[in-house]
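Look for subunit A in each of the two complexes below; its partner is subunit B in the first and subunit C in the second.
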Partner chain A sequence: MKKTNCDVAVIGAGPAGLAAAISAYENGARDVILIERDKYLGGILQQCIHNGFGIHVLGEDKTGPEYAEHFIQQVEKLPINCLTETMVLDLSENLTIQASSKQGILHIQPKAVVLAMGCRERTRGAIALPGKRPAGIMTAGTAQRFINCEGYLPGKKILILGSGDIGMIMARRLHLEGAQVQAVVEIMDCIGGLSRNLVQCLQDFDIPLYLRHIITDIRGDKRVEGVDFAPLGDEGQPQLDKKISLDCDTLLLSVGLIPENELSKKAGIQLDKITGGPIVDKNFHTSVPGIFAAGNVAQVFDLVDHVSICGMQAGKSAAEYARGELEHFSESLSKVKAGPGVGTVLPQVLSGPADGPLKFYLRARQVTRKALLQLRNSQNEVVFKKKFRTVRPAEMISVTADNLDCSANEYTFELIGEDNG
Partner chain B sequence: MQIYDVAIIGAGAVGTAIARELSKLSIKVVVVDRLNDVGGDASKSNSAIIHTGFDAPPDSLESRMVVNANPLYDKLCCDLDIPFKRTGAVLVAVTETEEAELPSIMAKAHANHVDDLEMLSAKEVLELEPAVTPDVRGGLLVPRESIIDPFLFVVALAENATANGTEFLTGWEVSNLTFNENEYTVESPKGEITAKFVVNAAGLFADKISSFLGIDDFKVHPRRGQFHILDKAAPIGTKRIILPVPTKVSKGKICTPTIHGNWLIGPTAEELDDKTATQSTPEGLSDIVAGVVKLVPGVDARYAITQYAGLRPVRTPGGYHLRTFENLPGFLELSGIRSTGLTSSLAVARYGCEKLFKMGLSNKYKKHFVSKRQAIPCFREADEKARNKLIKQNPLYGKVICRCETVTEAEIVEAIRRKPGATDLDGIKRRVRAGLGRCQGGFCGMRTPQILARELDISIEEVTKKGTGSEILDGTTKSLRA
Partner chain C sequence: MDKNKNTYKLLCIVCPEGCEIEATEIDGEFAFEKGICKRGQDYARQEIINPCRFLTTTVRIKGGVQTMLPVRTSEAISKDKLAEAMQQIASIETTAPIKLGEVICSNVANTGIPLVASKTVAAI
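Here is the complex of A and B:
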C-alpha cells in the first residue's frame, strides 16, 4: 500500500479549506494537500451568486463566486496540491486519510489535518414532515444549485418552510425569476436568518411570512399540489381550525444546517452536542492531536468572513503542529460553556499560556434587546462584559476577551436582557 | 399482434415472484404495472420482514403460504444475490395481561407447525436484547423471523425473470379486461395485450381488475401503516426484530433493524377508504414513537431520517383468496394478500403455477433456465482491494455521488442500464440507495438527475421522481421572465 506523506492535508475546499491551505503554506508547511470531492474549488460559495460576502475580510461587497475566486487564485499561485473529484472516505486517529478518486483509493499520511467539510441541510425526514411524498419537495440549497448553477427552476408556485438565510434568499430569487412565492412558514416566533435578509428578501417583495406556524399536510401524488399549515397554540399544538391551505407546486425547506462530521466521528473526535461540530480550542485544535477543524464543520457561521478567519488560524496552527511547535491541549485546561441565554460558544476549550486577546463566536438563544454579555470564571467573577443593542439567534456574536487565565478554570458566557437583567 | 401465454397484472412481490416462477417454462409471459417501476406499491412500503407464520390464523391458506415460504429465502436470496438476514425476533411482554398471553401465542405457533419458538424469562430477554425495556416480564424467541431488502427482492425477481425472457411493461395501467372464447384482452391507454392466461396480482386494486370480468363478490380497502426510519448512528442497540404482543387488529408496532443498518419503527394500522392515502400524519407518526418506546425506551423521533406509509390491501370477506373460476378458464385471482405478502409471495407463486397448470398451461420446463442473478457490485461494502479493482475496471467507481450511503456513479449507471432498469429517481434510490441516507439526497439530488438524463438520453427537465407528472424541475430560469 502506497502512502503519500505531507505536512498538512485539508479536507474540503470551501472558504474554510481554501484559507486553511493558504495559511498553512504561508506559515511554513511545504507539502500541503487540499482535497475536494467536487469538480471545482470554492464549496458552497459557487452557488451563492447574491452579494454580501467579504465586507470584513476584503473590505468589499462581493458575490459568493467572486469571493471564492479571490482565494482560489491565491491557492493556484502557491505550490498547493489540489485533488479535486476526490472524496475522503475515512480518517483515522493517527491522521491517515483514505480517499477515493477515479485513479483508485489514495492513502495520505499528513502530519496535521484541517477538517473543512462544511455542513449539510436538514431534510424533510429529520423534521418528520407529514403528508404525501410527491416530487417538488427539496431543500433550499438544492434549489439554489439548480437555479444558479444549472439554470433550471424547481417550480412556479412556491412555498418555503423555514426562514433561514437560504430560504429567504431563495424566496427573493424565485420571485425575481417570475415564480409566485406564496409564503414563508416558520415554526419559531422569530426568523431563522439575518434581519437584513428579512427586509431585502421578503418585505421588499411583499412575500408573506407566517411565524409560529407548522405544516400539517402536503398534498399531491406525483407533484406537490398544495400544502396545509396552521398556527401553533399555547401548548405548541397546531390549531387546525385556523388551518390555511395554499396551492403550490413546490415546497422548499430551509430548516437548518448540520455540520458534516461523519469523518470526525470516524477519527474519534469529541463533538459538541450543541454545535454538532468538534470541540476546539482557540487554535481550532480538536480533541485528537493534530486534527484541526474550521468553518461550518465546527459550527454553522452566518458570514463567510468569519469562516475565512477561522480557516486561516486553523491552517497556521496545523503548520505549527506539523513542525512540532504546537502542543495539544490537555484534559485539565479551561473550558468555556454556554450559560443562560447563550446557545453556542466557539472555542469550547482554552489552551496554552494566555498570550493576548482571545476571539469567541457565540449565538444567542433568543432575540434579546439591550443585551449584556458577560463571561464569568469559576469563582463566579465577571471577567469580561459587553453590551449589545439587540442580539438574535441568527446573527453570530463575535467578541474578543483579553487577559484570561487559561489554567484549569471554567468560564461561562451569559446573556442578560433588559427585562430579566 | 403478439399473443402471450400469460399476462400478469401487477409487478409487486406477488406478481414478480410468479413471473420468475413462470420464466422457468418455455412460454411467453408479460407483466404489466400501472406504476413507472416494479415494486412501487405495497411491496416497497412494508416492515421488510420475512415472517415464519407463527401468528397466522391456523389452518388458513395464509398460514400454509407463509409457513412454507419462509424456508425458501435462504436459497433464493443466495441465487439472486439479495440482502437477507436471519436475525430472529423477540416478542416482548410488558404488562401482566401480555405476559399471560404468551402461552397461547406459543400454542398458536404450534398449530401453525412453527415449532421452534422458545419461551424466555425477563432475564433472558434482556440478555439477548439489553436495549429492551427493563419492565419486560417475559417473551418469546422466534428464531427464523428475518429481514430483507424489499426493493431489491422485487427488482431481483424481475431482473431474473427478464433474463429468462419475461417482458415488463411499466406505466401501463389496466383499464379493462375482457374474456372472449379462449383468450383475454388486457387493455390500457397505452395499448392492448392478448393472453391465454391472466393473473390478477394487483394488490389493493385486485377488486377492480376482477370486476372487469364480472367478479364482484369482494372489495379491497386500504389499512395504512406509517413508519419512521432512524439513522444508522442512532443509539438504539437492538439486534433482532422486537415485537409487541399482538392485538386482535394488528401485529402492533415493532422496532426492527433494517438490512442496511438503520432501524425501522412502525407501523400504524388505520382503516381508510381512499386508495391513494399514502400520506403520513402528525398523529400517526407520534403514535408510532409512543408505542415503540414501551418496548425499546431508547427510540426517539429525533433520530428519524425519513418517513413513509404503505397501504395493506384488506379484503372483505377476509383471508387469502387464490382462486380460479369455472366460467373464466385461464384466469387466476390472487387477492387478500394483506400483511404477509412479501413473505408468502414465493409460495403463492408456486401454488399459483400449479393452478395455472390445472387450467391447461403447459408445464414444460426450459433446459437453460438462468437461475442466478448478480447484484450490482457495491462499493460501500467492498474492501480496499475490491474497491481498487472496481475502479480499475470502471473509473466511475471512483466517483462517489451519494456521500451518505457512499454510492458511486458506476452503480447508478448500472442501475439504469439493467433490465428492467431504473428510469426515475425513486428507481435509483431503491436499487442502489443513492439518496436514501441521512441527507436524503440533499447532495446527490442534483447529480443523480444529470446521470439519469445522460443515460436515458433525455433532457434534465424530463427527469422524474416516479414517472410522468412527477418531473423534478419546471422549465429554465428564463422561462418566466417577460
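Here is the complex of A and C:
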C-alpha cells in the first residue's frame, strides 16, 4: 500500500483549516496537504453571504465569501497541495489518514495533523420535537445553502425554531426574498444569537419573536401545514390554554451547533464533555501527540476572527511539531476548568513554561450584568480577574492572563454577578 | 404641549454591552440618559434619523462554476430602500467570469451606491 508522506496535513478547508495551512507553511513546513470534502475551499463561509466577518482580523466588515477568498488567495499563492472532493474517512493514533477521492482511496502519513472539520447543526432528533414527520422541516443552515448557493426558496411561509444567529439571519434572508416569516420561537428567556442580529434581522422587519415558548405540535401529512407552540409555565411545562397556532409550509431549526468529531474519536482523542471538542492546550495540541484541533471542531465560536487566529496558532504548532521542536503536554500539567457561571473554557490544559500571556476563550452560562470573571488556582487564590458590564452566552469572552504557573496546578474560572458576589 | 417632543427606545448594538438606550428628541435636539457613551449616542442618532444597512443577497450567474453569485452593496443603504433594491436585483443576471469586487449594478435603488460581487466565480 502506497502512502504519501508530508509534514503537515490539515483536514477541512474552512477558515480554521485555511489559516492553519498558510501558517504551517509560513512557519517552515514544506509539504502541506489541505484536504476538503467539498468541491471548493472556504467551508461554511461560502453560504454565509451576509456581512459581519473579519472586523478584528482584517479591520474590515466583510461577507463570508469575501473573508474566505482573502485566505483562499493566500493558499493558492503558496505551494500547498489542496485535495478537494476528498473526504477523510479514518485517522489513526499514529496519524495515518485514509481518505476517499475521485482517484480512489488515499493513504497519507503526515508528521502532524490539524483537525479543522468545523461543526454541524443539531437536527430534530437531537432535540426531540413532537408532532408529525412531514416534508418541510430542515435546519436553518440547510435552508441557507438552498437559497444562497443553489438559488431556490425552501418555502413561502416559514416558522423558525431557535433564535441562534443562523436562524435570525435566515429570517431576514427569507423575508427579503419574499417569503413570509411567521415567527421565531425560542425556548430560553433570551435570544441565542447576537443582539446585532436581533435588531437587524428581526426588529427591522417586524418579525415576531416568542421567548420562553416551545413547539407542542407540528401539523400536516405530506408537507408541513402549521405549527402549534405555547408559553412555558413557571415549572417549565407548556401552558396549552395559551397555545398559538400558525400556518406555515416550512419549519427551520436553529437549535445549536455541535463540533464534528467522528474522526477525533477514531484517533482516540480525549474530548471535553462540555465543549464537545477535543481537550487542547494553548498550542491547540490534543491529547494525541501530533494532532492539533482548531476552529469550531474544538469549540463553537461566534466570530470567525477567533477561528482564524486559532487556526494560525494550530498551523504554527503543527509545523514545529513536525520538525521535532514542540513537545506534547504531559498529563501532570495544569488543567483549566469551567467553574460557577462559566459554560466552556478553551484551552483546557496549560503546557510548557509560563512563557508570557495566555489567551482564553470562555462562554458565560447566563446573561449577567456587572460580571466579575475570576481565575482561581488550586490554593483557591485569585490569580486573575476582569470586570465586564454585561456577559452573554451568545457572545464569547476572550481574555489574556499573564504569569500563570503551569506546573501541576488546577485553575478554575468563575463568573459572579453583582447580586450574588 | 410639546409638539416636537419624541421619545425612542432602542437596543445599542455597537459593542457587546448591548445597552438599552432611551433618547428624547426635542425640536431636533437629542437628549440621552446618563451613562450612555458617545458611540452609543451617535448610533442612536443615526438609527433615528436614517438607519442604514448593508444589503447582501445573490444574483443568478450564467456560464459559471456556480449558479448563484453572492453580492453586496459597497456601502450601507437606507433601510427604507431595502425592499426596492431587492426588486431591482431580482431581475439581474450576470455572466461568468466575475471577479471579487466587480460592479454588478452601478446604482442600487437610486441611492447612487453600487452593488458589487462578493466572490470570484470562474467560467466553466
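As a working rule, the second predicted complex is superposed on the first by the 421 of 421 C-alpha atoms of A that agree within 3 Å, B and C clash if a C-alpha of one lies under 4 Å from a C-alpha of the other, contacts with A are read in each partner's own complex, and residues count from 1 in each chain.
The definition used in the following text is that a residue touches a chain if its C-beta (ideal position, glycine included) is under 8 Å from a C-beta of that chain, and two chains touch if they have at least 3 such contacts.
Keep in mind it's a predicted model, so treat the numbers as computed, not measured.
Participant: Is subunit A touched at more residues by subunit B or by subunit C?
Facilitator: Counting residues of subunit A touched by each partner, the higher count goes to B.
Participant: Does subunit B (first) or subunit C (second) touch A:50, or do both, or does neither?
Facilitator: The second partner, subunit C, only.
Participant: Between subunit B (first) and subunit C (second), which does A:61 come into contact with in this model arrangement: first, second, both, or neither?
Facilitator: In the superposition, A:61 contacts subunit C only.
Participant: Report for A:37: first if it touches subunit B alone, second if subunit C alone, otherwise both or neither.
Facilitator: first
Participant: Between subunit B (first) and subunit C (second), which, if any, makes contact with A:254: first, second, both or neither?
Facilitator: In the superposition, A:254 touches no partner, neither subunit B nor subunit C.
Participant: Quick check on the superposed pair: does A:286 touch subunit B, subunit C, both, or neither? Answer first, second, both or neither.
Facilitator: neither
Participant: Let me test your reading of the model: by the given contact rule, A:147 touches which partner, first (subunit B), second (subunit C), both or neither?
Facilitator: A:147 sits against subunit B and subunit C alike.
Participant: Touch check for A:177: first (subunit B), second (subunit C), both, or neither?
Facilitator: both
Participant: Counting only touches as set out at the top, which of subunit B and subunit C does A:155 meet: first, second, both, neither?
Facilitator: first
Participant: Taking the stated contact definition, name every residue in subunit A that is touched by subunit B in one complex and by subunit C in the other, in rising order.
Facilitator: In subunit A, positions 147, 150-151, 177-178 sit in both the subunit B and subunit C interfaces.
Participant: Under the definition above, what is the set of subunit C residues touching subunit A in their complex?
Facilitator: By the definition above, subunit C touches subunit A via 10-11, 13, 16-18, 51, 53-58, 60, 66-68, 70, 72, 79, 82-83, 86, 100, 118-120.
Participant: In the complex formed with subunit A, which residues of subunit B make contact?
Facilitator: Residues in contact with subunit A: 228-229, 233, 276, 278-282, 284-285, 301, 304-308, 379, 384, 387-388, 391-392, 395-396, 398-400, 403-404, 406, 408, 438-443, 445-446, 460-461, 464-482.
Participant: Touching subunit B in the complex: which residues of subunit A?
Facilitator: Residues of subunit A touching subunit B: 37, 85, 87, 89, 98, 100-105, 120-121, 123-126, 128-136, 138-139, 141-142, 145-147, 150-156, 177-179, 216-219, 221-223, 238, 249-250, 262, 265.
Participant: Given the complex with subunit C, which residues does subunit A contribute to the contact?
Facilitator: By the definition above, subunit A touches subunit C via 49-51, 61, 63-66, 69, 147-151, 173, 176-178, 194-196, 198-200, 203-204, 389-390, 392, 395.
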